[in-house]
Amino acid sequence: MYRYTRELQFTAKPEKPDALFAMKFQEILGGQFGEMTVMMQYLFQGWNCRVPGKYKDMIMDIGTEEISHVEMLTVMLARLLEGAPGEVTEKAVATNPVLAAVIGGQNPQHAIVSGGGARPTDSLGNPWNAGYIVASGNLLTDFRSNAAAEGQSRLMTSRIANMTDDRGVKDMLAFNLARDTYHQQQWMLGIQMLIEDGFVEGVIERSNADLEDDDAAHVFYTAQDDSAAGQGLWATGESVIDGEPFRVEPLRPLTEDDGTLPAPDPLQFVTYDGNAGPAKPGNAAGARAQTVENVVRKVKNTLT
Amino acid sequence: MYRYTRELQFTAKPEKPDALFAMKFQEILGGQFGEMTVMMQYLFQGWNCRVPGKYKDMIMDIGTEEISHVEMLTVMLARLLEGAPGEVTEKAVATNPVLAAVIGGQNPQHAIVSGGGARPTDSLGNPWNAGYIVASGNLLTDFRSNAAAEGQSRLMTSRIANMTDDRGVKDMLAFNLARDTYHQQQWMLGIQMLIEDGFVEGVIERSNADLEDDDAAHVFYTAQDDSAAGQGLWATGESVIDGEPFRVEPLRPLTEDDGTLPAPDPLQFVTYDGNAGPAKPGNAAGARAQTVENVVRKVKNTLT
Amino acid sequence: MYRYTRELQFTAKPEKPDALFAMKFQEILGGQFGEMTVMMQYLFQGWNCRVPGKYKDMIMDIGTEEISHVEMLTVMLARLLEGAPGEVTEKAVATNPVLAAVIGGQNPQHAIVSGGGARPTDSLGNPWNAGYIVASGNLLTDFRSNAAAEGQSRLMTSRIANMTDDRGVKDMLAFNLARDTYHQQQWMLGIQMLIEDGFVEGVIERSNADLEDDDAAHVFYTAQDDSAAGQGLWATGESVIDGEPFRVEPLRPLTEDDGTLPAPDPLQFVTYDGNAGPAKPGNAAGARAQTVENVVRKVKNTLT
Amino acid sequence: MYRYTRELQFTAKPEKPDALFAMKFQEILGGQFGEMTVMMQYLFQGWNCRVPGKYKDMIMDIGTEEISHVEMLTVMLARLLEGAPGEVTEKAVATNPVLAAVIGGQNPQHAIVSGGGARPTDSLGNPWNAGYIVASGNLLTDFRSNAAAEGQSRLMTSRIANMTDDRGVKDMLAFNLARDTYHQQQWMLGIQMLIEDGFVEGVIERSNADLEDDDAAHVFYTAQDDSAAGQGLWATGESVIDGEPFRVEPLRPLTEDDGTLPAPDPLQFVTYDGNAGPAKPGNAAGARAQTVENVVRKVKNTLT
Amino acid sequence: MYRYTRELQFTAKPEKPDALFAMKFQEILGGQFGEMTVMMQYLFQGWNCRVPGKYKDMIMDIGTEEISHVEMLTVMLARLLEGAPGEVTEKAVATNPVLAAVIGGQNPQHAIVSGGGARPTDSLGNPWNAGYIVASGNLLTDFRSNAAAEGQSRLMTSRIANMTDDRGVKDMLAFNLARDTYHQQQWMLGIQMLIEDGFVEGVIERSNADLEDDDAAHVFYTAQDDSAAGQGLWATGESVIDGEPFRVEPLRPLTEDDGTLPAPDPLQFVTYDGNAGPAKPGNAAGARAQTVENVVRKVKNTLT
Amino acid sequence: MYRYTRELQFTAKPEKPDALFAMKFQEILGGQFGEMTVMMQYLFQGWNCRVPGKYKDMIMDIGTEEISHVEMLTVMLARLLEGAPGEVTEKAVATNPVLAAVIGGQNPQHAIVSGGGARPTDSLGNPWNAGYIVASGNLLTDFRSNAAAEGQSRLMTSRIANMTDDRGVKDMLAFNLARDTYHQQQWMLGIQMLIEDGFVEGVIERSNADLEDDDAAHVFYTAQDDSAAGQGLWATGESVIDGEPFRVEPLRPLTEDDGTLPAPDPLQFVTYDGNAGPAKPGNAAGARAQTVENVVRKVKNTLT
């Protein structure tokens, strides 16, 4: 359960409004790797976490901090949008080229939809969506995704910091950059701890390890004749799993299977030339062994 | 530029069709971390790559292999859908509960839209979209995202492998698991090599390092009173950047800024009680210093 | 069934084209609360309506009017886009800053995709989607949603009306504003009539009223220590249902349930420390009581 | 800023797992009117609110409560998914029709993607997106949208409550129903208070009232010859604004404007028969009055 | 402007309800090529049409008919959903395998969201979106898209018709199939007429014909060594434009351009090894010739 | 399986960078009819194709060429974005109106997200999604969709070619225009060949021809009183199927069915006035004939 305190985690005061910059700033709020993404990603990972204790607490702690970051960014945006020229008309534009540019470079939804407030979208107005986040239940893979997200998020924050002279904005972004620096390490150390605690065998996701094709796990395939990729550690190094060296092979078919498909169900009206024999009606009886007869047989067996 | 060979990279032959399993199988083709995602992610990273040589070649090689993986999965799906019961009617369902279940558990678009072919969607029919991929131009952050994507992809492949007895399907998935195992290492070794080659200073994204708030880069904030998160390496360890120890602090406002917003533009019709003074018209002249006068001044300066 | 008349419901003639304004104008055509939304919302509510007579007729009447509104807006847009500078080049931009601004502030899809026609999108190009509309079959909740949609739609129309000096545009928007004013009342009076006609017991959605936790229906929870929210009618007033006064309580856990989750299925490869006992295989037999044995038992019972 | 407490707001314990029900349950978590929607809608409204005091506090209080509701629902879902049959195979399905049905009716992403955890999607797997929420800055329209959302949310919760016998689920839903009942009233009383406090003139959004076409604000248009809609209060009643009676008129063109469009820019390659004169090149110079000449004139005026 | 008549264009009465079939039926209402798509596509094409007379009238006539088709399909769906088992519980499912299958195969949103009404989605619940439609202003390309859409729509309708025994459904689909047959021809004859009327030169979109690379317009490129594609008319035939024969060539690079990219802006933090010289700061001054100096020069020229 | 060659299919070198043009250029890469669409459309059609030989080879050949086109366009974009002003600040904008316009008209994600690389989106930043493509398995309908897509794609390419003076860009677009010209013919000749090879009976999709309502396949319905559409070939011509003449009829109800809906399930809380008799509980027993009794009967029959 959550509680609220009116004061922000960190000051979010620009020196002065800047509607053009506000449009770009949306990217680190509601974009693919904006704060809404890490907030929702950590909250879902934490709520779904099946290991109580330090891991779940850590995830919930950072998830809660990220809600506070989203709050900071929305406040910053609403302040950047102070007096954004919502009502400027054709006439005004005609006599003022800079104003014209501002209008052109401003997010129209900041005026029309949110009335000078932050929007839950990226810098081009794409609504934030949950297809950006992951919560698999497997802490190794999720911590790795989290570290990657913090890195991408920091990079975008860093690029945006270069797009303004505003001291107030830069101060807050300095804090955000630092948190992204810390959080990247936090997730990496989380993986190290998962190993120490015996939850995972190594840094690689390796569930169902017995099933996998061991040989194919040691090859780099080159798709071009003169690839220089053979010079990299991924080709000259060795597996972290068994210490066996990697090798380089040209990408080539490992099969004679040429992808020829079976005959279609004639009732699908799929174009077909009869090469795989008569088209087979896709009635369930024909297509699969299990029918009601199986049930009957099972019932008979149970009855007798 | 690309060339095509009819033979698949690896055999994609199920022992027998299975429409129910085909619905689930879509997840590793067109889902958030399906093969379409890594294919498009690597291709965009490679085409946009500004470092020719082993890095770009490596990205292009794997990107090209992933196109071949998407091909394998679509062929597998089209074969799993052989004779899928497209035309089964109410009457048939009524007398055959297993058939009813099959119909219920089958992807209707496999029959109605693709005529027994693979769909570019996930297991619930969400169309694949480019909001799943990232290509930032920064190889450190992108390689980290790639390693994470391969881990998530392998986990889903592993779960799906448990959902079938079909030897043909399992054989192909054994190959896919192995490639995901190898590719995770490939991207990690790529990061190691970026460090060795002097492209990055460490494993952390640290652009604009001078700007960041150094102190805030060493704190774990606990959002709950009795958090056990202080027991983790992220709290007891030290920074990989400067070796300074991390510390734990309660999450609390670091400011007295309570997020109070300035007066709105009255023409936005935003609810306002006058607390921040008279509502300020958002004409560009009032809102920002730069107006046509600046141009005029500049012109004057240049003319004289 | 529908019939068409070539004349518009209302004149849609701008005094002169204005490509910049056209971009913004898209918001009230294809945005979240644009005319496409109310058109599709009312049509689906009407077609699905199970009460013939004045309610269904009213919904169909306004739904049909809204198709006519969408028509008016598209015609206005196509006229605003007359001569929009599709072909302007780099050279032209370099010597004409206002033209540059126009190009910058113009919707590129108006030139590239629709050839100077209206687009079925909002002001930032998000395609209209049916996730914007609701048709629940319950007229009380739907009429409430409709009144809200008309209010939001009117607010955006009003903001956009401030962004132009064009008399022709303003004349049409004056008509649209009036219809939104009328339609807000129409839906509210619809709710009043539902009460008079005995279809609902009050202004609140109250299905399954017996099930609900009566006590929790009278509390305002404050999530912050010094909340001023206790001064509002929602705290000092009384329930419209039973006349009992509301009360204010701090938001706090009403349970000792700390969200600890049960053991995962080991085949899901979810991180787990054994705290909830051995991980339980998620075979259906173990997970749920009903198995084929139930069917057999049922069959036995029926047979004997 | 936010703080976290491990205990839930309300107990979220099902009597036993139920994967089929879990699929449906997703609708009130991540659907159009699920708890994620009201959580994000209230948070954005609160953060963007320009009126400090009881209104902002009330919005923040309920927004924070809704985060807690989302938490409760995710925990409930993760518990309903305990032992969900992730690994069940073709063979198992063939001999167990109920199991087959379970598999068919289960959300495959619950097993493949989230490993038995809640998903940020609706019951059919559509990822939650921010196109569901609104935060216009105008409290009247937003409170109306909020009341509507609570009503729709309660209706869906009520329908879902009928789909289970599980006492634990029903207990939690009884709490949720009550909160939805209370919250509907909360937003309506909020509107009443806005009026009492003088922020709005009435229950209708009426910004730019002077601009609107007064006559058109009093008419119900019938789109069908024999419409019964004239029997409703919306036809027989009177305006809440000026007390003038409404009237009924047939929907008919109020103009002779037949939507004929002007000549296209020839470089758009739009089909055109010359009916509106020669096609006009859409260079900015021709299309609009304001060009660099305006700047020059302005500069001249300022210089002299 | 539109008018409404209560009677449907064609009878939409199923013999009996069928919730399973209703889920599939959604595809031809709200899917990629469902009736909502052609309705919105034709309406936008018609409203944006710049040729009054027979073309615009034809488009408006069919657009209006399609609204009527959407109405028919929603009514059919609402009738198929009569008595759909919304409230069925775990207990009921456990003792009734067919019911279990029905529940599994039913669209949960039909019960939870629309209360037994049609949904504006496809068969897997994806909301209809305007990314499905096209209205380019060029009648040749649009008529071609329309013919294609009618063909795809007919194919899906045909597949769905095979999935039911219900006479009432089949009767309506027989009408829909016929309209799709007619409409395919309508759009093709529209193209023929565009040619006869002199609006286009042929069946191929050929705007800017002078610009195109004439030689490249006559080659079929084979991407595989042993392609059989050379046997087709596209290889052995001749151009409809100039009668010149087509030829077959292997797909190969026509350039030595290996896609090497220029140096990045150092402030973008893009990985770069200096191969293209020093990284170039992306200030606008450096990146492009046109600066304020151009304006000054222009002003000077005009002043003198 | 695919192989890669470093050289591009065609030179992709702009004379100089142009960030404004780059934003527009995205439309033909990642838009509805951009190269990503035809690439993915042809690949899915080819992989799913059940006719080996010249058709499948042709589809795979062009699909592979289209991957190469996507590569060309991304390289062009990355070069157009060289030195795009990522870091320009408020101060710079204030003194440079053209720079202001460039900033306003530039895609912010080109700087913030991709670091000067191509994005997998359209010109307004909508991520490419698989809802743009079709692969039905029926070559007639798919070839028709393909020809339409090439036409739309060519039209957009042609419009974009008019928006630049850059010789390098124009050279590449001249090649793209030519390929679109050729490919339109390729798909049309594919249809002609399908007829010659006996796969289809004519140019019209006609599956389930026996079912269709023959009379309704010959009528053009006019939805307006004074429609001029009767002058077109679609009215005066004849059916390509049976040579029978078309006729014109006013669009009118062909039924007395007024869309009245049956009684709802009372547990759906749908508004209902009893007009269709008592509301019927939607338990499966009542709603449909098939229950467990059917299974029992079947079992009995089989046992005896």
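Letters A, B, C, D, E and F name the chains as they come in the text, with residue numbers starting at 1 for each one.
Just so we're on the same page, contacts are C-beta pairs under 8 Å (C-beta built on N, C-alpha and C of every residue); 3 or more make two chains touch, one makes a residue touch a chain.
The structure presented is a predicted model; accordingly, all values stated were derived computationally and were not measured.
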| item | value |
| --- | --- |
| Smallest number of contact steps required from chain B to reach chain E | 1 |
| Steps in the shortest chain-to-chain touch route ending at chain E and beginning at chain D | 1 |
| Equivalent interface positions on chain D and chain F, same or different at half | same |
| Centroid distance [mean C-alpha coordinates] between chain D and chain C, Å | 3 |
| Whole-Å gap between the CA centroids of chain B and chain C | 28 |
| Centre-to-centre distance between chain D and chain A (centres being mean Cα positions), rounded to whole Å | 24 |
| Set of chain C residues in contact with two or more other chains | 1-9, 18, 32, 47-48, 50, 53, 55, 60-61, 63-64, 68, 71, 75, 78, 86-88, 90, 93-95, 97-98, 100-105, 111, 113, 115-117, 121, 124-127, 129, 131, 136-138, 140, 155-156, 158-159, 162, 207-208, 223-224, 251-253, 258-259, 261-264, 267-270, 288-290, 292, 294-295, 298-299 |
| Partner chain D, residues of chain B touching it in the complex | 18, 20-21, 23-24, 27, 31-32, 97-98, 100-106, 122-126, 155-156, 159-160, 162-166, 223-226, 251-253, 258-264, 268-273, 275-276, 292-293, 295-296, 299-300 |
| Chain C residues within the chain E interface of the complex | 1-9, 30, 40, 43-44, 47-48, 50, 60-61, 63-64, 67-68, 70-71, 74-75, 78, 90, 93-95, 97, 113-118, 120-121, 127-131, 133, 135-138, 288-290, 294-295, 298 |
| For the chain E and chain D complex, residues of the former touching the latter | 1-6, 47-53, 55, 86-91, 93-94, 97, 100-101, 103-105, 107-109, 111-113, 115, 121, 124-127, 136-140, 194, 197, 199-200, 207-208, 295, 298-299, 302-303 |
| Contacting residues of chain C [partner chain B, same complex] | 155, 158-159, 162, 267-269 |
